[in-house]
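Each in structure tokens, the structures are laid out below.
Both of the next two complexes hold subunit A, though its partner changes from subunit B to subunit C.
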Partner chain A sequence: MVDVLVIGGGLAGVMAALSAQSQGAKVVLASRSYGATALSTGALDIAFNPALSPALQQARTLAEHVMDLIAHRPHHPYDRMGLTTSLTALRRGYEQLLQVLQPAGLAPPPLDLEGENLGLPASTGTVIPAGAALLPHLGIDFNRPLAGRWGVLEFLGETFHDANRLARGLAADAQTLSGSPAELIPVRVALGERMGPMGLAALFDSPEYIDRLASALRGKMDGLAGLLVPPVLGLNDSAGARRRLTELTGLPIVETLAHMPSVPGLRLQRALDAAVKAKGIERCGEIAAFRAAGTELAAVTTAGGRSMAAGAYVLASGRFVSGGVVWDERGCREALFDLPVVSALGAVEAESPLSVVRETPVESHPLLTAGVAVDAQLRPLREGRVAFANLFAAGMILGGFASRYALCADGVAMATGYQAGSAAVATLGGAPCLA
Partner chain B sequence: MSSLGRSLAAKWILAWALFKNILRVLVYGVRGPRDWLAAIRAESLGVTPAGTWTYLAATSRCIGCGICDVAGRPGERPSQWIVQIIRQPADSLLALDKARRLAELAPAIAHLCPQGMQAQYVSRLVEDHARMLRGE
Partner chain C sequence: MPQSTDVLVIGGGANGTGLARDLAMRGLKVTLCEKGDLARGATGGSSGMIHGGPRYLLSDVETTRHSCRDSGYIQKIAPHILFRIPFITPVGRNDEFGPLGVLLYDAYFDVYDRLAVAKNGIPHARLTAKEMLAIEPGLAGDFLGGVTLDEWGIDPGRLCVLNALDAARHGAEILTYTEVVGLTRRSDGQVTGARVRSAGQVEVREISARVVANCGGPWAERIANLAGGGVRLRPGKGVHLIYEKRLTNFAIILKAVDGRQMFVLPYQNETWVGTTDDDYYGDLDDLWATEDEIRYLRQAAERLLPALKDQRLIGTRTGVRNTIYRWGKTEDDLSRRHEVVDHGALGAPGLFSLAGGKLASYRMQAEDLSDTICKRLGVHEPCQTHLRVLPGGDALPDENELARAYGIEPLCARRIVHRHGSLAGAVLDVGREMPTGFAPVCSFEPTLECEVRYCIRNEFVAHLGDLMSRTRLAIGACQGHDCALRAAQIFAEERGLNVADERAELMTILSRRWRSARPVMTGRQLAQTELLMTQYTGLWQPPAWVPHA
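Moving on, here comes the complex of A and B:
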């Protein structure tokens, strides 16, 4: 008999699994394949909402952004959990994540909820606000004046990274955000390979390739205070690659945040997988069916036909990209338990696609907020009632908030993952739960 | 032209088109897709074989995220093969080597792909079209 079965192997699912296991539960983690976590940018979005913070320069702490979301977004998971529980779960979830990231050398500094969002450089040439980021992306904060002249690295022949566009875009955003000009200049090298981000990242795992790059950079770094590199700095040993390049160039190295395909996202997913393995958490494949008994979930069956019963279940299967939410001939719904789906604007029904136009242009499309509705314990609801007394939800499967425009997806995954894991353990027989 | 005039002109164009179509059916009969299919054959475009439809759905899941590139060797871009070779069946004979490599990478791609792409079906699609183009 398993204590807690977690469905979904992304950030929220792994946070729930680690949280439940740390409280003494026997945990099994079910996942079909990589989901949206493996596509994430490298930023750790905690809380930021441009629609609620029109003056981007206005200093607001992360905790204040969480309060903003609670005050203005009635379906937001932070609102569902309440302020105190959200902030506590955020801190504990983040501490868990630091332990996950430590072995891979990706761990950022501890979370400061009284600190402000950072202004991080993205590979699209814009500055992105983020509460934190994986370590390789830290070192520049465009909300502050940039010290010295930074180089922006480009591999000649590659089409996914244009240093000139990046330098101009970041300089314009930096001027707006910090009120000071930022000096960024393209630094171009030709190493002959043309293979896209994943292939280049694999090459960076080899010290010989970094030596070749450092040789090509010689004479091009005079007067530079640092080097901004594309998000390709190693797949398996990014910490080693960054260290070696720093030693050879004598400059601080910062990776831009990625767009898809995302090397940093893959690193994060691999660090999560490694943590699950290191903790001895059993894994199984895709869950294809379930069996209910009264008001509780009794068992689930994997796609391979294996039946598994657990005391409690955590649903962390993501939204459309990860397959947790689907829209098929039966309408828009949660894919496994057939739970109804809500958006920030209300219920999503098959015959009534929601309006694509919102009151303010920075608001996201309503369908990007589609997911299950939950109670304060994060238990999914069906027709206003708890669907199963021993089923909890975490991460993007929760509906009513947008990940991109509220910039809180990682914070929600950490906080609700931690909290759902705790709540699942609490239903097993008296273990303490945060709420 | 007034709005009434524009409306009448549009209605006249639609009515004339309808009349021409009815007249053509009366004179020549219903011809079906025969000529159209013949034109396609002359272009070597081919028609999707009947059995292929059963696994077409599994090949249309790609969201273009590119994460499957990590399954290949440096320099290989399976994400680009997936979106390119299933959209140009007429070039199936040229894409056979890529299709066979995709079949080798299919288990690794299934593990990585958020959409559960079954890349072996892309390979089968290309091989089916290639066989048809060879007249087998």
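Moving on, here comes the complex of A and C:
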């Protein structure tokens, strides 16, 4: 007998699985394939209120940003859980993630909810606010004056990481954010064939390539205080690659946040996979069907035809990229249980995207906030009632926020994943069987 | 002192650029004003078919005759931007003509073949149901057979660019993003020029001209109204759906729920389904494909090609036809004929308008208006536009040789030859200036950095979004996800833009994609949209949250 079955193997799903297991439950994790987590940038977004001016945004702590989201966004998952639970779940979920990231050398320092958002460099040449980030991306905060002159590394012939664009764009944003100029200069090295980010990352797992890079950099680092590099320094052993390059160059090394295809996203996903394996959590494939009994979910069936019954279930199937929410000929809805979806503006019952997507991309689009509505225990609702007494939801499948505006998707995944896992265990009644 | 010219041409579509070229070749001084980019109205919204119009054979044989003759000329002057597109008309057992259907179509196209000789058409062929399904196995239905039809398509965006380029080579001045806001007139009514304003500017300046030629397409009525009217249109909106990949080899004619004729068209990497034809009373400058139009097209296309149901719809292409007004007819029965209007009889001498017409005969329409203007101005040079090729149309280079010479993929070479013809070498030479010159800018379209740079330098590119119609940048399945950022960087380098302007330019391309994709943001397209939005997080200041706005 399974205690908790988690649907979805991204950040939220793994957080729920680890949380339930740590509280004594026997857990099975069902996943179809990689989703949005594997495409994420390397930032760990906690909370951000975009309605404020940059100066006000910078001065606010992460906890205050959480409060802002609760105050202004009625369907936001932080609002559903309430402030106290949200902050506690954020801390615990984050601690759980640190355990996951430690073996891969990706773990950042502990979360400080009384600290401010960081201003991190993205490979698009812009500064992006982020509550935290994987370790390779920490070391520069453009909300503060940049000390010394930093080099921006470019591999000649590669177009995904243009040093000139980065140096110009980041310096412009840094001026706006910190009020003082940032000195960034392109540093170009030739490595040979065009590889793209994934190819380069695989190369840099090998120490010889780090050595080659270091010797190519020789003579180009005079007067530099640090080196901003493309997010490709190793895929399986990024900690080793960074350590070696730091030793050889004598400079602090910071990777930019990635755009897609994202090496940091893949690193994060692999660290999550490794944690699931290390904890001995059983995995199964995609869930294709379910069976209800009264007000409870009785069993689910995998695409391979295997039926599995659990005491409680956590739905962490993501949004559009991951396939948790679909819009087909039957309308916009949650994909597996056919749950209705809500946007930040209320129910999504639109016939046409024209009514839930605004006219220009820069606006905020209700459709992109579509996901299931939940009660305070994170149980999905249908027509105002709890859909299944033993089903909980976590991560992007929750409606009411778009990762792109209130930069909070990782915080939501950590907090609601942790909380949904705990709530699932709590609902089992009696003592869960010991794993 | 105001700028002065012989002929001020208003409109940068096929008619306007074609007229500018015609007049400039006859030695006149020409200034063309287009309020947006070239090919942004009816021309850019069209499917690019330069077919002979077999649809008009019964109702309007003159149009068919003209179209066939003129599309033959277009093939001679622009062979590089052409593509052959064979059509199949499937005949179903339950169609209106019953078992006689195939024979009737056969006879119908016999007549058409005779006219279509002028456009180098291969005569039609009759197919049994088995033969037809062997060619296009995806068709669903109970068929008696089918009839093939040989047609041609053209890249309408490039057609306008090439006409404008050639006009400029003959001394014409091409002013894009320059709107005509009024006409200047003498006290006797004579039109003496126009007041124009550059996009985003407040200041209005005058251009004086001996003749003003209104080639405004669907906007022609509004432009004529600046001088008291004289053009009356019945604009008809047409919508195409664009699917992410090619699903057929032939274009396929099909019937909509109301019996109207539609088509499924393989176009470059995509499949197009079109079109609707509905009277349009809305804002010409704010066109959107609506839900009912999309459902109408999908219903018919998915009925014949069920595989389309699983395909990602990546966008829509919407335009408004500049059909001449007529009361009491349905949209499909309106004539596609053109008219040259001399506003002299209406108290505004010096103003001429071109109303109606179709893409396939744009050259002849331009010639017609040009003849009238030349007569008025006492110019006796004959029209040359059917005899002299458009830029790049003289000798098409061998794409495999180019691929070898420049070390690029043959497909990239083929697309560059398709877009630039004999200028392909000049395009590729740009690639030798920089280490990334031959790197693809997009991962879905074989568009290379050298072509992007070449177009920015040579093809009237004012904004990043203008590159879409020059190079197919951000047109394909990626929606700008992969290419827009890189292209913005290249554009900023070429123009020396600062960071803020570079980001604003990036928005011009993303906004244009958005207009195309927003009406179909359902299904798998939603995942792509979510990716796109995440990709560009931070490139613009997030908007203030207004929960109930």
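The definition used in the following text is that the second predicted complex is superposed on the first by the 409 of 435 C-alpha atoms of A that agree within 3 Å, B and C clash if a C-alpha of one lies under 4 Å from a C-alpha of the other, contacts with A are read in each partner's own complex, and residues count from 1 in each chain.
Here, a residue touches a chain if its C-beta (ideal position, glycine included) is under 8 Å from a C-beta of that chain, and two chains touch if they have at least 3 such contacts.
This is a predicted model, so every value here is computed, not measured.
Steric overlap between subunit B and subunit C is present once the structures are superposed on subunit A.
In the superposition on chain A, contact is made by A:P74 with subunit C only, not with subunit B. Look at A:L39: by the touch rule set out above, it reaches both subunit B and subunit C. Applying the stated contact rule after C-alpha superposition, one finds that A:M260 touches each of subunit B and subunit C.
In the superposition on chain A, A:A415 makes contact with neither subunit B nor subunit C.
When both complexes are overlaid on chain A, the residue A:L235 reaches subunit B alone and has no touch with subunit C.
Once the two complexes are overlaid on the shared chain, A:V100 sits clear of subunit B and of subunit C alike. If you count the residues of subunit A touched by subunit B and by subunit C, you find the higher number for C. Contacts of A:V321 after superposition on the shared chain: both subunit B and subunit C are touched.
Working note: subunit B versus subunit C after chain A overlay, options 2-10, 92-100, 110-118 or 128-136, clashing stretch identified as 2-10. Subunit A residues in contact with subunit B (one complex) as well as with subunit C (other complex) are 36, 39, 194, 260, 321, 323. Those residues of subunit B lying in contact with subunit A across their complex are 63-67, 69-70, 72-77, 79, 110-116. Per the touch definition, subunit A reaches subunit B in the complex via residues 32-36, 38-39, 193-200, 202-203, 235, 260-262, 265-266, 321-323. Those residues of subunit A that touch subunit C in the shared complex are 36, 39, 41, 50-51, 72-74, 122, 124-129, 156-157, 159-160, 162, 164-165, 168-169, 172, 194, 259-260, 319-321, 323, 325-328, 332, 344-345, 351-354, 357, 359-365, 367-368, 402-407.
Those residues of subunit C whose C-beta lies close enough to touch subunit A in the complex are 288, 290-291, 435-436, 439, 441, 449, 481, 485-486, 489, 492-493, 498-500, 502, 507, 510-511, 513-515, 518-523, 526-527, 529-540, 542-548.
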